[in-house]
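Here's the structure we're looking at; comments come further down.
Chains here go by letter, A, B, C, D, E and F, matching the order in which they are written, and residues are numbered from 1 within each.
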Amino acid sequence: MTTYPRKLVVIITEGALEAILARELMALGAHGYTIADVRGRGSHGAREAAWEADRNIRFEVICDEAVAEKIASTLREKYYDDYAMTLFVADIGVLRPQKF
Amino acid sequence: MTTYPRKLVVIITEGALEAILARELMALGAHGYTIADVRGRGSHGAREAAWEADRNIRFEVICDEAVAEKIASTLREKYYDDYAMTLFVADIGVLRPQKF
Amino acid sequence: MTTYPRKLVVIITEGALEAILARELMALGAHGYTIADVRGRGSHGAREAAWEADRNIRFEVICDEAVAEKIASTLREKYYDDYAMTLFVADIGVLRPQKF
Amino acid sequence: MGLDPVVLFFLLGVAARLLRSDLRLPEAMYEGLSIFLLLAIGLKGGVELARQPLADILPQAGAVVVLGLVLPLLAFPVLKYIGRLDHYNAAAIAAHYGSVSMVTFAVALAFLVDRAIAHEPYLPLFVVLLEVPGIIVGILIARLGGGVRRIAWKSLAHEVLFGRSILLLAGGLLIGWIAGPDALAPQAQLFFDLFKGVLALFMLEMGIVAAGRIRQLRRTGPFLIAFGTLMPMVFALIGGLTGRLIGLSVGGTMLLATLAASASYIAAPAAMRIAVPQANPALSLAAVLGVTFPFNVVLGVSLYYWLALRIHGL
Amino acid sequence: MGLDPVVLFFLLGVAARLLRSDLRLPEAMYEGLSIFLLLAIGLKGGVELARQPLADILPQAGAVVVLGLVLPLLAFPVLKYIGRLDHYNAAAIAAHYGSVSMVTFAVALAFLVDRAIAHEPYLPLFVVLLEVPGIIVGILIARLGGGVRRIAWKSLAHEVLFGRSILLLAGGLLIGWIAGPDALAPQAQLFFDLFKGVLALFMLEMGIVAAGRIRQLRRTGPFLIAFGTLMPMVFALIGGLTGRLIGLSVGGTMLLATLAASASYIAAPAAMRIAVPQANPALSLAAVLGVTFPFNVVLGVSLYYWLALRIHGL
Amino acid sequence: MGLDPVVLFFLLGVAARLLRSDLRLPEAMYEGLSIFLLLAIGLKGGVELARQPLADILPQAGAVVVLGLVLPLLAFPVLKYIGRLDHYNAAAIAAHYGSVSMVTFAVALAFLVDRAIAHEPYLPLFVVLLEVPGIIVGILIARLGGGVRRIAWKSLAHEVLFGRSILLLAGGLLIGWIAGPDALAPQAQLFFDLFKGVLALFMLEMGIVAAGRIRQLRRTGPFLIAFGTLMPMVFALIGGLTGRLIGLSVGGTMLLATLAASASYIAAPAAMRIAVPQANPALSLAAVLGVTFPFNVVLGVSLYYWLALRIHGL
């Protein structure tokens, strides 16, 4: 199996940012994203998804290194200070390099 | 910690394929899978999970390289053309090599 | 982009363990965790999330190697025998090393 | 009489979507409401079915099944040769229009009940009978014309016959029929008294979903818009004439016309994704949800009532 | 009278599952319906409790708690020595059968109400009283026989006493008791009038869940099937005799017999996973949901009514 | 009269949380119930609005909007200079208290209906009118004092005006107004008859959510507790005097006092996260949900009724 190396950027943050981040990611060059509803705990305390202000979402973006870098640096600058947000990057392989 | 290298195959696709893919993955040699309900955007446009035809699912399969390859090539051949589908592979480590 | 290497520990297990594992992970040194509701199949058969006793959850913990090791070995010892549980570890990169 | 509140809820949903509001019904609520509506329609029909000899309805039922087989055969050439859609898409869309929409039926039913217009109370049986044939014909068309590709017929028959919507409708019918009105009285307060309220809530969601499909219409061009409004009118005429032929009352004729005019957005899309995956669901859903469903619930229902009156020479 | 619609809904769920339909109630709906039922039963009981002196009920309540402590002690040796189950599984299953099923109780209640058979209206109190003791005895058995393994008793007592089902039942009882029937009148239309409809919907889901456990019975062999039908009958007899002893009416005797015969599938499985993790939940759920629950709601309830009549010499 | 059942449900939720029970309403249920309540309040108001000339209400409506603009201006200096909160947090909390809580309003409404106290039936209109101004003023304060940071005003206006809660309230009002009471009669059984039962269920959830915020109060110190109880009383006085001024009845005065005293936990938190992200939501939610909401529903509502009587010299 030939796979092409790409980056997987995962962002876990407040539900309130869903629409804004979705637009932001596409504007930064992502070709797509996947969103899951999650809950969790971190430096901002527990977010238990009991109701709307308490909900986390988990964005997953497959992209090339350049876009990953742009996403990471943009989010760091614009959102890290004010929002509960966790971001990590992993190395993955995809089959269709032109898609991502 | 000794971990044994395995592959994590992640498939994001239309909810309609849930039962079919579950059977397919087991037939291809997977020992298990995990499914999450997600939403997203990609080359087939936005899939917002507002109702049934609009729902994505995310399969996660831990397996050895041979099975990963079989899964990737089978799905590519049978589903890529006709379905909204994204697949990627990551390297992971597991504790119980016989389980996966 | 400078990223700092960390471990991502993923645990897929029975919904009944949510509160217990959440406490356990923090006690083992994790700084946070993220939980998603999932369903799946493994050596304990299908868990379809149709009702409460049939629900899986997926924990995701970003941590350093030492904590990852402690989590893996503790869970192996305390829960592997008695619970439907799958655990894997992946290498990831984070931007803020002090956070995880 | 003005606009039915049910239509107003639909328009509120459309507005919410077009105004890009964050209003969304949780998917579990969408599912819960549709389970409720399917069961309630089935139960209502079953209770009524219990009141009269089945034998009297059998010939009518046969005619209705034939209607369901014929409609997609009429739609297909229009889609393929006038609409210039490829074979698979034409077949898939034909299947959607050959099948029916339970919610459109519910709106038509509410229209009659509000105006106290008599109608055969066993018409929910026809919803069940009309849901499947159109889908099967659509799949057959797709297969016959398409390249050779093994279809798992067994699993497909399954998908269609034991799919959620048929199972709930037919299950409700059976329960209503076996239990009868008296035994079901304790459940009536949930399933019958709340029906129109729940329908209103569901229409709010349908408005959001339908409006989400409107944008796609810009890309698919004017053909689907024309098809989505004209075909239902033609089908309503055929359905109405069939109703007259099999001896239905004006109300029953109107309901059968509405059923013929309606297009499926639950059973058909699910079946098509599995059986005719080559077809693009964006096209069929844009037509069904972006054009035909709104047309039917806002204008069609009154139109089909007028049509039923004319067909009966009134 | 024929089959109760509530049972028909259950059978529809069973059929859906056995026919491998894609019909599923969203989990949020399952949870919502069960929250509703627990609260409604509690409220109903609380409103009735408000009507009479508590002191009169106290001795009965004591006897019922004793019943709850005795039942698992009877079940355990049967499971261990006749069923040859290992210690942990025998203890865990004993806990399930020592505790009770609120939905089975609701079906029995509906049976009486439909037939206008008198019964002590405060029996929901006994549901609360019977839910916990069986579970605690089961855990004690597991501990005493099992290897040394520290159990977090405090967190366990918590889990059991403040678990969802006890909290809603007891909370409903308290609210009903404090507020009384008049103050609760505005809520009655939701909680009381819709009760049987909601129960029907929940039974549909229970049918799907129960049928999903049937397959496992093939693997667990015939013992669990026999146990799952015979033990409830024995327990019903014991419960019925207890009812007679403490002076309950025929209706009340039947309800207590049904409670004794019923097995828990909400509180007990949750507690066992934490307190007796060595036990295999596939076994207990196969017996409770695959055998006993269906047996009780389809046949048991009528049987226990007949039994109550005999016990009262009628 | 004792405690309203609605308050008892709230306390049950609080108890469940403080006892660390696993009781949780699924989020879909939380959303579904709140959609129901928003629509129902809107519909009720709309139906009543249809009964009287709009022109009569216009001056009152104007006064109410002014009230909504003034309240956050009063709250801000208290928060900033007495509470020593930073600029952003003071502005954000002022916005929450400037806006209103639909559920608190619903509890007050139920209080009046239970006691058959007359009130202007179009007050739900004022809920809509009072929801937005406070939020906008809060954002303006935050901007004017804060560092320069481009705010997407267009998308923000959007967020606030077409947010879920305004859309459902205003949409319900419009539908009720257009359709009128007769056309809505079939929906009344869902939206009006079940209202108090649904409100009770929602209060159970609110109890769980509110109790979850209590712990944070320990960290935020006594100021927010004092603010969260005293400010509502002052606002209630202002709201009540405004009510008297614009000619409302005692019931209407009490409702307007309650609205003024209530603080938003749906629209305001959502808007603040986007428009004033520098503010810490833990602070505002601790005050709004941990202090003011419980205070208002348990004690405030009776207090504001007493206040309304005094204001009218009774």
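What we mean here is this: a contact is a pair of C-beta atoms (placed from the backbone, for glycine too) under 8 Å apart; a residue touches a chain by one contact, two chains touch by 3 or more.
The shown structure was predicted, so the numbers you read here are calculated from the model rather than taken from an experiment.
Trainee: Give the label of the chain whose average Cα location is farthest from that of subunit E.
Mentor: A
Trainee: If I average the CA coordinates per chain, which chain comes out farthest from subunit F?
Mentor: Greatest centre separation from subunit F goes to chain B.
Trainee: In whole angstrom, how far does the Cα centroid of subunit A sit from the Cα centroid of subunit D?
Mentor: 40
Trainee: How many angstrom lie between the centres of subunit A and subunit C, each centre taken as the mean Cα position?
Mentor: Those two chain centres are 19 Å apart.
Trainee: By residue number and range, which residues of subunit D touch two or more other chains?
Mentor: 22, 24-29, 31-32, 194, 270
Trainee: So which stretches of subunit C touch two or more other chains?
Mentor: Within subunit C, the residues that touch at least two other chains are 36-37, 90-91.
Trainee: By the touch definition up top, name every chain pair that qualifies.
Mentor: Taking the chains two at a time, the touching pairs are A-B, A-C, A-F, B-C, B-D, C-E, D-E, D-F, E-F.
Trainee: Which of the residues in subunit A come into contact with subunit F in the complex?
Mentor: 14, 16-17, 20, 44-45, 48-55, 79, 81-83
Trainee: Could you please specify the touching residues of subunit B with respect to subunit C in the complex?
Mentor: 1, 3, 6, 8, 22, 26, 31-37, 62, 90-96, 99
Trainee: Going by the contact rule set out above, which residues of subunit F touch subunit E in the complex?
Mentor: That would be residues 1-5, 8-9, 12, 15-16, 19-29, 32, 110, 113-114, 193-194, 196-198, 200-201, 204 of subunit F.
Trainee: Okay, in this complex, where on subunit B does subunit A touch?
Mentor: Where subunit B meets subunit A, its residues are 12, 36-43, 56, 58, 68-69, 72-73, 76, 80, 86-91.
Trainee: Which residues of subunit E touch subunit F in their complex?
Mentor: Those residues of subunit E that touch subunit F are 26-29, 31-32, 35-36, 39, 158-159, 162-164, 167-168, 171, 174-175, 178-179, 183-184, 186-191, 194, 270.
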